[in-house]
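Just below sit the structures, each encoded as structure tokens.
Shared between the two complexes below is chain A, which pairs with chain B and chain C, respectively.
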Partner chain A sequence: MSNKLPVAVGIDLGSAFTKVIALDEEGKVLQKIIEDTDPYTEKQAGRLLDGITGGEYHRVSIVATGYGRKLAKRSTRAVTEISCHAKGIFHEMGHGGTLIDIGGQDSKVIVISDTGAVLNFTMNDKCAAGTGRFLEVSANRLKIPIELMGKTALEAASEVKITSTCAVFAESEIVGLLAKGKPVDHIVRGLARSLVLRVAAMAHSLHPPKPFMLSGGVARSPAIRAFLAEALGQAVELPEEPQIIGALGAALMALDIHKGK
Partner chain B sequence: MSDPLNIPSRKEVLSDYQSSGQDFVAVYPIHYHRALLRAHDLMPVELWGPSQYSTTSADAHLQAYTCSVVRCGLSFALDGGLEKARAIIVPHSCDSLQGLGSVFLDFIQPKTPVLTLYVPRGRREMDVEFFARELMALDKSLAKITGKRPSEKMLHSFIDNEQKADSAMEAVLNNRIRIPMSNRQFYELMRTRQYVAAEKFEKLARDTLESMQQDNRTDCSHKLVISGLVPEPAELLSVMDDAGLTVVWDDTACIGRRIYPETDDADPYVRMARSILGAPPDSALGSSVEARLAHLLDLTRNKQAQGVVFWSVKFCEPELFYLPQLSRGLELAGIRTLLLEVDISEPASAQVQTRLEAFAESLT
Partner chain C sequence: MSLRDSLMYHLNVSLLGHGALRIQRIKAQMTMNRQGWWHHEHLNPPPVTSAWLKELISRHYLKGRWITGTQKVAWVTSGAPIEFLKALGYYLIYPENHGAVCGIRRVGDEKCKVAEHAGWSRDICSYARTDIGTILSGKTPVGKLPKPDLLVCCTNICQTVLYWYQVLAQQFKVPLILIDTPFLYSKAPEHALDFVEKQIQYAIETAEKVAGVSMEPKRLRHVTELSHDAVDLWNRIMHTGRARPAPFLAFDEFIHMAPIVEMRGDQATVDYYRALLAELEARIKNGTGALKEEKKRVLWDNLPIWFVVRKFGNLLASRGVALVASTYTNAWGELADLIDPHHPIESMAKCYIHPILNRGTGQKLQTMKTMIEDYEVDGVLLHSDRSCKPYSIGQMDQQSILLKQLGIPALLLEADHNDSRVLSWEQSENRLQAFFEVLGV
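And now, the complex of A and B:
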């Protein structure tokens, strides 16, 4: 953390987590915050931005993104997570391709050009299948810490086929599988596979160019990364911090605004 | 932007009809001829929803995969919304609407007479002849309700009025980019065609054309064509306005695909049939994917649109079957496309709004 005041701030008010990135004039990261998204999102955004800017809003450009982007009242501009993720991943990886972002409440596939422009995209609908929420619901039912879901899935000796792609129905299916005596780790592996197949189908609908990149909180799961590579037929590139790509993209846009680009 | 035209709402017009004793007929989507109803002194009021109407009453009668236009429309009828109509007309536009006709006639059997209308899926001379006979049969059914037998001369006169209204609608669409109206206002105006008299619509359209600017508007960042069934929920039009997207042509079934060409057959039924079957390419009229694609390519090129938004109602099979090939064809021609899939019984979801905004950002 730096005492220097930022000139550009990106705030990603996601459904599960809120991420903030503050940059200096040269684009160096001065501060990074990740915390659970509060139900009182507007208040939370105000508190975070007050803290990071020291209240000196006139000196700072702020871009807000994520589902709560319009609730960050002090932001200079609200930009969708599609554009911010594309900007952030292009900055991190240095090339275009297809970004798969699996967040808490939605997943999206974004086709990015060689110059970083968004060429096409698709998102899940209101359904929570194919999102982090799907894993959360399942982890809760199986009483496994969410952070251990990936490891458990990868180490499982076998896999149970989860036929349902709906988070609510999957929970019922888990109950049925447990009743049949299926081992928990086999079910966990099946769940990870189910999520990946859903997202891969979304990606295929766009005729996606290679390479594939992955971002979002769910990208931290080694099982999701491995299964996604299998489903797509090639390795998936991962940025250093997949969870903050949207906030980083927003911060970079704020820096562009600050510099008058 | 203000509303200098005082565009009447559907509710206001219906209320006027009822207080003045004007009979009206509720008409489900898509194709029929308004002149036939007008000749019986019946005002057509179309039912494309209502949007965001509870579907609880209809759910017991319909399969889970029936679209929300039919679901809302049936609920509205079951809740007594059509009791004051002199008749209910259900054109056979798709399987779901045909099913709706059967549900009405075989199971619900409302007090209000229900009349069905078979619309052919082709544009051959034999299709025109078949459809003319269908319109003649509808005329006879209406005569039983109203006791009127409109003369051929009278029918022609009402057809003339409808043609003038369609021509005015086309002129407004053609000049959209010079009309200082938000997308939402623009659609409010265009959709009055679904419930006001042709003469009234023509006046609204001509007044609009008088208000237009000499040059194209300068506040249009991105020009779009909308394709689909019906632009509901309407708040998405405001999202478009805020995102700097301007609709420069409409290819929805409720507006652009019902700009019927002028016809001059001596037989009024043949004249009406030929006019409807001469409509722009439409999945509900059995047009090929190739014809639909060529039409959209022409529209986007002529209007210099950067993208096409497919505003699709969930489970609308006639539209959804065409989508992959239409999107691919447009993308290959360098025209961006976006699919918005909506359930008109619900408000617009945050995800759908994000899609529209992201689409606008990606056009920059």
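And now, the complex of A and C:
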């Protein structure tokens, strides 16, 4: 936390979490906030931005992104997650390639050029399969904390094949598997695999250039990282804080605006 | 023909209808010619000729309302050869065009649901469901559709029409002419052309019997000439989109294409397109674009999403993105050279075997590449139409090839031309916004 006022703010109003990054003139991170997205998103965005800018909006450039971006009324500009994620990951990793972002309620694959430009993208935005929501629903049903799912999956001695990619049907499939006496950890491993295969198929549809990079809240799961590397046939690079890549990209765009670029 | 039907027709259509529609058009044109009548942040006013289009379409459907008993009626598929029907005096209904009218008026879903309640699967093309729903409910935004005396189905667009028209034949208990066009992967082989030509000859015989008149070769030549001229003009109208700024967008073409589909072979269509072309050429001379500011240019692939055409147009316009061409409207112009009024039947066979949907995906890709070059586009919007499988197949490969070979980005949009339940507007808008950012606007 810094007392210095930022000149650039990026706010990513995602379906599950809201992330805010504030930068100073040099691009140094002054503040970082991650909280659950409120049903009253507009109010939440207002509160966060009021707090971070000290109400001195005339001195700050703000870029909003994420599904709720239009609700950040004080933003200078609204930009889609695609552009913000590309900007953020390029800044963090210093090279192009293919970014796979698995968020709370959507997942996307973005092909980024050597200069950081978006060349191609695809999104899974109509259904919860292949998103964090899929794991969340399953975790609820299996009554294990979502943070432990990755570890549980990796340590499982065996794997149960989950055939439904649909989050709703997967839930009923889980009930059936539990009734058959399948161990919980085997099911958890199968679920992580199912999500990864879905996302990898989406990535393959773009003929993705290497290297692969991963962002989004779900990237925190070690099982997802391991299985994804397996499915793609090579290691997946991870930024230090995968969950804030979109907000960081937005903040960097705000900094560009501030500097008149 | 009964005397009463004939009297009613002439009273309602020739006397009252035509007069009222003409007055409406003149009034609309006077408004459009007045300074300051148009207020849109991003779009320039539409061509004044648009008022004429409204008159043409309204007249067509008004005629249909009163036609029974005065003229034979044929229902035809959008890609069917119709010159021989026109020459025999048939009045034509295109269920697909009527479907588009329902889509634009946002009653497509309603009709589809009626068909679904009667047991038709949601996987069937939404044009077919709209048509079946219209027949079952008896309701249409155009007032009334006249019952057919004859059905003409040509498989040069898809196989759906084959089954759809069989259902229509059972429903209306009228003869069905089927014209089967072998699919083309390369140049049309002689035997395929011969096969289609023979079917057209046979179709003429059947249509003569139903109409109770014989074909006059002179009349057929004349209709083919009008057809050729209209297609040629339509082509030139579309080519105005090559100018910078483009005076006419594919969104405009989606609306102005109605006559080339359902009134091909009419003198009025030729007159109308000639006037429209003149107006567009004048706009090119003045440097007046369809958009107030044209920043980027894109190409559309597949059918329009009828129920959001305007919303879509406004969204693109707000970002300065001009939809300068579409492979869909192009399909009614690209074959102009194949129509030869001196060899009507032979050239009909050649022309109607070649539509974009009857050619392999490689040929479609080639058409897209040529259009990208001719219209100098910066990106492509690929509408993946859940209903129209033959049009949507191959789009994922086309997307990656266009990017790899030409460096042209293409966006895949999942929707449906008539069933709004398939489109999630929020998500599509989000993808479009991201695509605009890729284009740099």
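Going forward, the second predicted complex is superposed on the first by the 260 of 261 C-alpha atoms of A that agree within 3 Å, B and C clash if a C-alpha of one lies under 4 Å from a C-alpha of the other, contacts with A are read in each partner's own complex, and residues count from 1 in each chain.
FYI, a contact is a pair of C-beta atoms (placed from the backbone, for glycine too) under 8 Å apart; a residue touches a chain by one contact, two chains touch by 3 or more.
Please read these numbers as outputs of a predicted model, since none were measured by experiment.
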Key: Fit or clash - chain C, chain B, common chain A   = clash
Query = Where does A:238 make contact in the superposed view: on chain B (first), on chain C (second), on both, or on neither?
reply = neither
Contacts of A:79 with chain B and chain C, given as first, second, both or neither = both
Request  = Could you say whether A:5 touches chain B, chain C, both of them, or neither, answering first, second, both or neither?
outcome  = neither
Task = Give one of first, second, both or neither to describe whether A:197 is in contact with chain B, with chain C, with both, or with none.
result = neither
Ask   = Between chain B (first) and chain C (second), which does A:33 come into contact with in this model arrangement: first, second, both, or neither?
value = neither
Query = If you stack the two complexes on chain A, which partner ends up touching A:229: first (chain B), second (chain C), both, or neither?
reply = neither
Overlapping contact positions on chain A, where the chain C interface meets the chain B interface = 67, 79-83, 117-121, 123, 125-126
Remark   = Touching chain A in the complex, chain B uses residues 331, 336, 341, 349-351, 354-355, 357-358, 361-362
Chain A contact footprint on chain C (complex, rising order) = 396, 399-400, 403-404, 409, 412, 414, 424, 426-427, 430-431, 433-434, 437-438
Remark   = chain A residues touching chain B in their complex are 67, 79-83, 106, 117-121, 123-126
Ask   = Along chain A, where are the residues that touch chain C in the complex?
value = 67, 79-83, 117-123, 125-126, 205-207
